[in-house]
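Consider the two complexes below, in which chain A is the common component and chain B and chain C are the respective partners.
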Partner chain A sequence: MTLTLLDELLLFSGVTVLVAMLLGRRLPAGWMVTILYGIQLLALMKMAPLGYGGEPISSALTFEVMGQTLSWRFDALSWYFALITLGSALLSSWYACGEWEQRFRQSGGNLWLFHLAMTLNVFSMLILLASGDLLSLFIGWELVSWAGFLLMAMAGGVATKAAMRYITYAMAGAMAIFGGIALVYVSAGSLQYEAILTAASQMSTAHLWMLVILFGAGFGIKMGLMPFHLWQAPAYAETPGPGSAFLGAISSRMGLFAILLVLVKLFGIVNIDSLKIPFTLIDARDLLAWIAVFTIIFPTFTAMKQNDARQLLAWHGIGQGGYMLLGLVVADAMGAAGGLLHVFNHATYQAALFMAVTAVIHRTGTADLNKLGGLVVRMPLTFMVLLVGIIGLAGLPPMNGFVSKWLVYRSLLNEGMPLLFVAAVIGTLGTILSVYKLIHNIFLGQLRIEHDNVKEAPWSMMIPMLILAAIIFITGLLPGIPLAWVASVQQAVGLPVSDYTLGGVESASGSLDMIWVIGVLFAGFGIGALIFYFAGGRSKRVHQLDNYAGGHFLTADVRYQYSDNFYAGLMHLIGGWYRGSFLWLEQSVKSLVEFLSLGMQGLYRRANAEFYLLSTALFVIAWVVI
Partner chain B sequence: MAPMELIIELLLMPLVAFVVGMMMVLMMRRIAAKLQRRIGPPFFQPLYDIVKLHSKQTQISHGLIHDIGIVMAMGGYIAAETLLPVPGMTGIAEKGGIITLLYLMMIPSLGLALGVGQCANPNGSIGIARALTAMLAYDIPLVIVIFGVAYAAGTTNLVDIIAVQQAGGFETWGAVQMPVLAIAGLIAMHASLGKQPFEIYIAPAEIATGPMVEMSGKYLGGLFVMQCFQLYTTSVLYVSLFLGGGTTWFDFLLKSFLVLAIPVSIAYLFPRYRTEDLLRLMWKWPVMLGLIGVAFVL
Partner chain C sequence: MSDLIVLPLVLPLFGAFLLPIVMRTSISIGAWIGPAILAYGCWILGDQWISGTTLPFSLAIGGFAPPMGINLYIDSLALLFAFAVQLLGLLFWPFKIDQETARRQALMLLLVAASTGLALSGDLFNLYVFYELVAVATFGLIAASGGSAAYASAIRYLILSGIGSVLTLLGIALIYSQTGTLNLAHLAQLAPEQLNNKLGLTAFLTILIGVGVKAELFPVNTWVPEVYATATSRVSAFLAGLVSKLALLIILRLLVLIFHQPEAIQVMLVLGILGVISGELAAWRAKDMRRMLAFSSIGQLGMIFIALAIPEQGGLLAVLALTFHHLLIKSGLFMLADGWGGAIEKLRGAAKRSPLAAAIFVLFSLSLIGMPPLPGFWAKFTLITQLAAQTSPLYLIGLTVFLLATVIEAAYLLRLAALLYGPAAKDTPIDTLAKPAGLSLATASLFGIGLLAAALFIAPVGDLLNHVAGQAANTDLYINTVLAGTGGSQ
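So, the complex of A and B:
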């Protein structure tokens, strides 16, 4: 048996888990693990032809279980997601090395568990991405779920509670997926992708509906699609800093990977399009699109109300997932490219944002947006990273988030879907409001007296952040780099491919060339700076308390910062619309389960033989009669 | 196109925008004066104001981001002008399109928001919070309108959108083809100018002019320049979407000034709305009109 490139990668990943497990208690464990992630990334780079339309690589390892062959393989889709996974793992792990690690250990955190959980997450994700049939997909899926649980639960307390909620959802999702797999086996007679691909076109409507619902719900839970989104934000926010950067960047995208693989590639978007919902004008694809836009809007506006920076970011993570699904469901060349590109873009800025917020927590001890302010003068580089990140998140030029959202908008425009288009823009506007609140309340406004001695984040944390900021900008300037990978993913899953250039997209109905747009933008800034600095008088820097206060004098003990209830005017109107309906829904499901279990318990705890006899007899009679 | 020609266009387009924008500020003040039975300022007053503000002796800076915010506010608009075709010049309009222009126009607001935030004055921050809320209010009808126009023209390329309208003279103008969308667009455009009754984020009586509270000297001068660009961009965008752009400079400028005169005239007759009333108004009437208009287009 000769090892293929894929085997090498998985082997390195397994070794990383072992190193973290055996040597994780020694001090330089963080650096060792980080270097090993680097080696994994190199192994992945050896498979780089996959990202440019190369032939899939299979693993030499296969199993026979009950007549089913289990196999593993990497194609463009797996490679693209693996690249994002390993990239975010490498940078998050690098970020954790050094000062953050020491502080974490001093404050009673279990560093061994942290590294182990991270390495397990990466390993299981790679296994999932490499799955070559539905059975190995399910195995990978379960591994990812439990590894995620380990990382989320390790902080204890609130985190464990959030993680328990996650795993409840995840198990329900796994049940749905398992049901779907069983159904596929019944109809296709095999769990191999090729067999399903041929069987899919002959499936009955009812059958296909069932599969779309089961797989959609199962994978959708991981993505945090409405109405299964409640678990995600608390779970990600409570994970230790670098862990939440990693989870926020890639973890829930595994759901998108699975949706792409099963719903788009195997069942085919055209088949899904033919599923009409009776008595309405919409079909299953429209339904998915609307789920996507609700996933954009509701979590985004929930994020706007958060007062904890990590919660705010985590809620946005759910919302941004909606853009990816929306683009994929539209499924024309531009939409699919936008949705897929957004996976990469989101990973870069979300990791950078979580890292920047963690750096603020590292220095000030809080992420409460009402207890910070004015930190830009103390942590200018972290401010810059956060600024780059929020421009990416809000999807404004010149950062990469703009390109992917532009592609999604364009596809909605091309296909003539005004309501979805408007809904997508509402999400973006809500994001702008929300991220301004984030950067304002942390870095702008009045510096608190207790933060007067705060220092810039340490270099061990700064360098990964700066690398991410650079990636966000460069892939915004030259979106052709990731678009090349995206194009081969589109090819691999059978979607139309867009006509991309290094600077953007070429199209008869309106192109985009970011090199020109950004070039002109910076030239504009240059002219603006010339006017400002040379055409005007010299400015004098004043202290922050030297400020207009309506005739009063300001002193350091006066809190002169506007942070709470930031969008008061907006909340006057829409505040009443936040009803917590989904929390209510979740509660009622929980109560129902509790009630049922109480009833069951009552039944057999009583041990009333006559009652059992009577009810069995009645049941039998009823059955015979009917 | 020869590179030299393109560079000249890229330099000329913002310059023209600035000069025309100053004249628009003048027109705005003259209209206000007429309505209030005053004489109004002389022709060069906007230029005098900019020079005066830049050359003041006292220039108060609250930090680097305060400075950068002003640079971004001016620079963002300078860049946006090169995406907005004018008679005889298209700049890089074909490389971006209308969606890019719409998002590029948010960069100055973002710069201003950052700069004001650094000033550490709650009046300014409240002003920005209100300004962003206003943006959430008027951008929703605006994107519906833009969707309708772009879908009807089958392109997001502004040059093509203008060409489609000019193809058949007056009858193929956006405003004639899609009158409902044109009305919705006018309302949204009025709100985007931040003039009464929508000047909730300036509100001198409530929040001491909001974003401008800590701006003095060239900082205020920068905002003045920004306003010139804003008036120009908004009216020219409307002319390009609905009034067939301009074939000659004369009708181009005539249309732009006339379009701008409508909201400006209304502005000086009205007091101010509250924030939530602005949202309610914007999300009800122009959105409804916009959706009806889009339904006609589809």
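So, the complex of A and C:
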């Protein structure tokens, strides 16, 4: 048995888990683990041809259990997701090293468990990404779920509650997938992808619908698709800082990966016209597209109402997942490229944003948007990173988020889906409003008295943040770099491929060249600056405490800051729309289980067991005789 | 060589009567008798397996060939169960020395002897006798194991079990009146003509309900939570782990050999589904660890009944996988309940006091939920693929219920796990928290190691179970082995 490149990668990943487990109690554990992530990334780089249309690499390891063959392999799709996974793991782990670790330990956190949970997450994700058949996919899926649970639950208290909610959702999803697997197994006679591919082409419509619903719901829960999205924001937000950067960047994308693999690649959901809902003009693809759009809108507007920076970001993570799915189900060359590219882009800016917010928490001790303000004078670099991040999140040039969202919008227009387009734009509007709230309430306005002595974030945290900011800008300027990987993913999954250039895409229905766009943008800035300085360049420097915008006073001892009750006017208009219907739905399911449980306990508490026995016997005999 | 197989049955029986006498003269000698007998039994049965005696074989007792005489039928399934009985008897041995020791140990030996008999018997009447013997030993053990609550629940269980026995006897009588024989092989021969009718169905269903009392079949299982909550953990572990499975074995044999009516299967499927629903839902709100385990056990047995209702050999494989998995897990969990029993709230933060026990609890829970790559996953995987392959919609309902129940199961087991690892309640020093007793914890660790080993060697374990299932499902083999060539006589 010779080790393939994939075996090497998994081996290194396994070693990282062992190191974290055995040596994790030593002080430099964080650095060791970070270096090992780096080595894993190098091992992944050796497989780089995969990202440019290379042949899939199989693992030498296969198992034969209960008549099932388990195998693992990497193709362009796995490689692309693995790159994002390892990249975000490396940077989050780097971010955690040094001051953050010390603070975490001092405040009673279990650092050993943190590193172990992180390494387990990465390891299980790689196993999931490498799955070579539906059974190994499920095994990887479950491992990812439980590893995620460990990372979410470790902080205790509120975090454990959120994690419990997550694992209940995740179990429900896993069971839907499990049921789907059983059905697939019966009709295909095997769980190998090739067999399923042939079987899927001959399945009846009802059968296919059943499978699409089961797998769609199961994978959708991990992605936080509506209406299964409630668990995600609290669970991610309560994870220790670097952990939430990692989870926010990649964890729920595992759902997207599985949807791509199973629904798009195996069942070809985007090409099937037969999956129509009777008496409507909607088919399975439209249904998914509308779910994606609602997933964009509702969580984004929920994010706007959050007063905790981490919660706000986590809610956006759900909403952005909707853009990815939307692009993928439109499934023309541009849309699919946009959806896939957004996975990469989202990972970069979401990690940067979570890190910036964690840096603020590290220095000020709070993420409450009503208790911060004016920090730009104390933490200018962190401000810059957050600014770059929110421009990416809002999808504005010159950052990378613009490219992927532009592709998705363009494809919606090209394919003649104006309603979806309008809905997606409404979502973007909500994004812009809420990220402005984020940056304003933390960094703008007047500095609070208690934050007078705050310092810039330490370099151990600053460097990964700056690297991410650089990536966000560079891939915004030269989106051709990730688009090359995306193109080979599209090819691997069987979607149409777009013509990409270094600066964007070229197509008859609309081209984008970011080098040009950014050139014009900066030229515009330059001209503006020239006009300003030639016109005299008169500017007046004011003290931070001397600026006013609008709003209302709170009390005399609080400096002027209109963060409290932000967007009061807007909420006056749309506030009535927040009804918490999904919370109500979740609560009623829980109450139903409680109620039934109470009934069943009553059944067992009754002392007339003999009565049950005899009446059952009588009933059964009567049933036979009659 | 193969004659030795009677020893694991006879020796404990003999020991059970001898023990009180020996104990009266010397406690230290008496205390070694039981474990020695059981260890020897394990060795004999294990040796049968390893030495490669051709299985299955039949052993006529007393020199009369079946169907006239009575016989033992030993195939790999029977052997596996008999071995499990002896081994668990040894693991759950009531070591405690007090004035009740003699009685408790004698009852335990009796229970082991009767259980071994249940696993090996080849005719219906003997099965009934051993079944009653198991019941008697069980009552004694429950009543001997604790205070007035245990006594009361034992009485209630006694009454229910008694009525169940009468029903079973009624079913057996019906069969006898129709066929004139009680030998299983002979019955298997006659069944297609004489029992494939309403009378046969009635007989099966009365036996199902009667035996179902011990197999925790819904709705004759209302004794379960109370008895498991009041008896000692060792007794509960033996009952939940093994005795319920032996009752199941009777039903399995009857189903494979004699009764093939679709109605019989249907009733079992419906009762199994109801068992899963009621058990898992009731466990959701349970506030006491032992009760939670009892309800979960009802749910698991319901799943096994669903699996039993699958007519093909694959169903039998699922039954065996679920059965042995549950045997391992529930015994282990009840061992942890020895010390951790009682209100769940009291376990807040108990992981700090006993990290090993908490880790084992999490391991067992994950396997019970069916997390890959632990064995529980493979058991459940076998079950759901078999269920999905059935055409009748009732099976799909079973599949749905099974999947939903697993979600609930995960929720309540993890809630307890989170409680264990959570912070301890204020003003309770860690030293005062509950902790599983040392010996029980060691036993539970053994089960945990067994589970991990099974996870590691899942491929050979799967092949073995498949082989056992194939042998057990082969009706012709059974008939030929018993009626044609009867082995040596004793």
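Note that in this section the second predicted complex is superposed on the first by the 584 of 626 C-alpha atoms of A that agree within 3 Å, B and C clash if a C-alpha of one lies under 4 Å from a C-alpha of the other, contacts with A are read in each partner's own complex, and residues count from 1 in each chain.
The working rule: a contact is a pair of C-beta atoms (placed from the backbone, for glycine too) under 8 Å apart; a residue touches a chain by one contact, two chains touch by 3 or more.
These numbers come from a predicted model, not from an experiment.
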In the overlay, answer first, second, both or neither for which of chain B and chain C A:Leu614 touches. second
Quick one: classify A:Glu142 as touching chain B (first), chain C (second), both or neither. second
Report the partner of chain A that touches more of its residues: chain B or chain C. B
Once chain A of both complexes is superposed, is A:Val186 in touch with chain B (first), chain C (second), both, or neither? second
Partner chain in contact with A:Ile167 - chain B first, chain C second, else both or neither: second
In the overlaid three-chain picture, which partner chain does A:Gln446 touch, first (chain B) or second (chain C), both, or neither? first
Using the touch definition from the top, say if A:Ser509 reaches chain B (first), chain C (second), both or neither. first
Using the touch definition from the top, say if A:Leu596 reaches chain B (first), chain C (second), both or neither. second
Based on the A-chain superposition described above, do chain B and chain C contact any of the same residues on chain A, and if so which? none
Listed in rising order, the residues of chain C that touch chain A in the complex are 156, 159-160, 163-164, 167, 198, 201-202, 205-206, 209, 213, 219-220, 222-225, 263, 267, 277-279, 281-282, 284-286, 295, 366, 369, 371-373, 377-378, 380-382, 384-385, 387-389, 399-400, 403-404, 406-408, 410-411, 414-415, 418, 421-423, 458-459, 462, 466
In the complex, chain B touches chain A at residues 10, 14, 53-65, 67, 70-80, 82-83, 92, 94-100, 103-104, 106-107, 110, 113-114, 117-123, 125-126, 128-130, 132-133, 135-136, 139-140, 143-144, 147-148, 150-151, 154-157, 160, 200, 208, 213-214, 217-219, 221-222, 225, 274-276, 279-280, 291, 294, 298
Seen from chain A, its contact residues with chain C in the complex are 63-66, 135, 138-139, 142-143, 146, 153, 156-157, 160, 163-164, 167-168, 171-172, 175-176, 178-179, 181-183, 185-186, 593-594, 596-601, 603-604, 606-607, 609-610, 612-614, 616-617, 620-621, 623-625
Chain B touches which residues of chain A in the complex? 373-374, 376-377, 380, 383, 387, 391, 395-397, 402, 406, 409-410, 413, 416, 418, 421-422, 425-426, 429-430, 432-433, 436-437, 439-440, 443-447, 508-513, 516-517, 520-521, 523-529, 531-532, 535-542, 544, 546-548, 550, 560-562, 566-570, 572-574
